[in-house]
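Submitted below is the structure of interest, expressed as structure tokens.
When the chains are written out, they are named A, B and C in that same order, and each has its own residue count from 1.
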Amino acid sequence: MVYYLGMLGIVAFSVTGVIAAGKRNMDIFSIVLLGVVTALGGGTIRDMILDSRPVFWIADLTYLWVAIIAAIATFFCVRSVSRILKLFIYIDTFGMALFTITAMQKALSLGNNYTVSVLMGLITGISGGMLRDVLTGRMPLLLGREFYATPALLGAILYALLDQFTPGFNSAWLCGVATIISFRLLAIHYNLYYPRWLTYNCDEDQG
Amino acid sequence: MVYYLGMLGIVAFSVTGVIAAGKRNMDIFSIVLLGVVTALGGGTIRDMILDSRPVFWIADLTYLWVAIIAAIATFFCVRSVSRILKLFIYIDTFGMALFTITAMQKALSLGNNYTVSVLMGLITGISGGMLRDVLTGRMPLLLGREFYATPALLGAILYALLDQFTPGFNSAWLCGVATIISFRLLAIHYNLYYPRWLTYNCDEDQG
Amino acid sequence: MVYYLGMLGIVAFSVTGVIAAGKRNMDIFSIVLLGVVTALGGGTIRDMILDSRPVFWIADLTYLWVAIIAAIATFFCVRSVSRILKLFIYIDTFGMALFTITAMQKALSLGNNYTVSVLMGLITGISGGMLRDVLTGRMPLLLGREFYATPALLGAILYALLDQFTPGFNSAWLCGVATIISFRLLAIHYNLYYPRWLTYNCDEDQG
């Protein structure tokens, strides 16, 4: 189950990498490479920090091929889908949620405590997209005004609590993923935001 | 002693991460995350290159909590401090000096020679701030006109020499840190710079 | 032989790092540091992902000194060479080709299969230059309109095929390197490009 979730996350990030790359005049192979780097980047950083060897896509080549196929498929579909940029943040949210929770599971299975696993979840979920945004010169989603890191943190904490206090409950991961996705979608649609005293506003500073 | 120095460096870089992030309309959690990444980033890269496992903030969670608390405290203080950007380069200098010397100590204690330890000191001292600047879209301080890498190199070489030739001298680290900080502050205040033949100037090229 | 090829690649990337840095008003030591990071960055990422310890430039300091000397020499020569930017993409191509093939050899010698070694070749060949471009704020060459990743892929696949099916053939690496360099040079000079259906063009999207 965790395995297929990981694959879904790979597909989602590969798709966002292609969409992000597609806005620049690039050829199919460079675009596919960027999709693959986006899809495998977060997990590679996770495995290097946790010293989990070999790195997941070397241990199981399926991840690599799924990322490549998803990127190629996206390349050919992306032209026929209008409003692709609106879809972009939804797919990114989906992949980020899956990666956050599966990274926590991996960190926990390697014997780390809950604090480390929450931070590894956040780093893994966010760094693939960060890499994509830095490489393509986009403003990282983390720096945007919408909630990005907060839903991931809430879902990660919920998953950690459920995993610790309800050992028999098999859908803890689902609750974590659902929390991240629904909270971020609500934030995007209803323009939810922190109260003024929990944000730093430049205008306020200058005024 | 080295331990508390490391903590001070963590605090300094966490603060600069928050200040750098605070100029964009971000919420408290994204800002804290950026502070934590800035504070832990350089040491994480050091530990991954040197294969020192587990990574320092997984081995001792105190580093992580210190970074988080420093980031939160900075978030609430930063609005009341005017001329924060002037402070920014001083705090960055302080953290960079501490990280350069403590990274050298770690590299040496792992059995590396002085050449490797000097380069690891430079990489560790500079990469946390580099990560912060790339993620927030600032121009990296390394690329600025002020001396940045040179004071770190001089302090690192001085520390290496003292450590090698004065085995009984316990304040070698202090000489290294003081050299880095004072040389960089002098450079900022008195506009010290390399002679023309040791810099590359665009205007010269075009003229 | 492979050893000296690696050194040549180090020299080439160190030179491009200095040229890229030289366009900003930087001092000699910051420029040399950027050259060294460009030269050693790709291989360091390769060794960290493949868990090949110690990292190559710690195991053999010659790489580090070659990178430093190449960077210093470039710094003093670069002013007298006009049309340096035209040379820049040729030297980058040369280093990228050497790094791609030597990284494949290293990955294969560590027991990885051909698929992993091709991807490691691409990552190693491209990431040093990527690091350089992100740190100096240049647009990464990968995102440019010219073929960049495609020649590396073709050369890598050719090398993998030759290595697999002609065990006695000692010049497989040369064929790989020559394929990458000649294909990229042809692409630059004759403006070779993928047919329209294999590229994503923004204008097409807007029209």
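One rule holds in what follows: a residue touches a chain if its C-beta (ideal position, glycine included) is under 8 Å from a C-beta of that chain, and two chains touch if they have at least 3 such contacts.
The structure displayed is predicted, hence computed values, not measured ones.
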| item | value |
| --- | --- |
| Angle (degrees, nearest 5) of the CA superposition of subunit A onto subunit C | 120 |
| Proportion of interface numbers common to subunit A and subunit B (over half same, under half different) | different |
| Centroid spacing, where centroids are CA-atom means, of subunit A and subunit B in whole angstrom | 29 |
| Sequence positions of subunit C contacting 2 or more other chains | 48, 134 |
| Residue numbers on subunit A that touch subunit C, as the complex places them | 21-31, 33-34, 36-37, 44, 48, 53-55, 58, 61, 64, 75, 78-79, 134-137 |
| List of subunit B residues in touch with subunit C within their complex | 48-51, 112-113, 115-116, 119, 122-123, 126, 130, 134, 139-140, 142-143, 145, 147-150, 153, 193-194, 198-202, 204-205 |
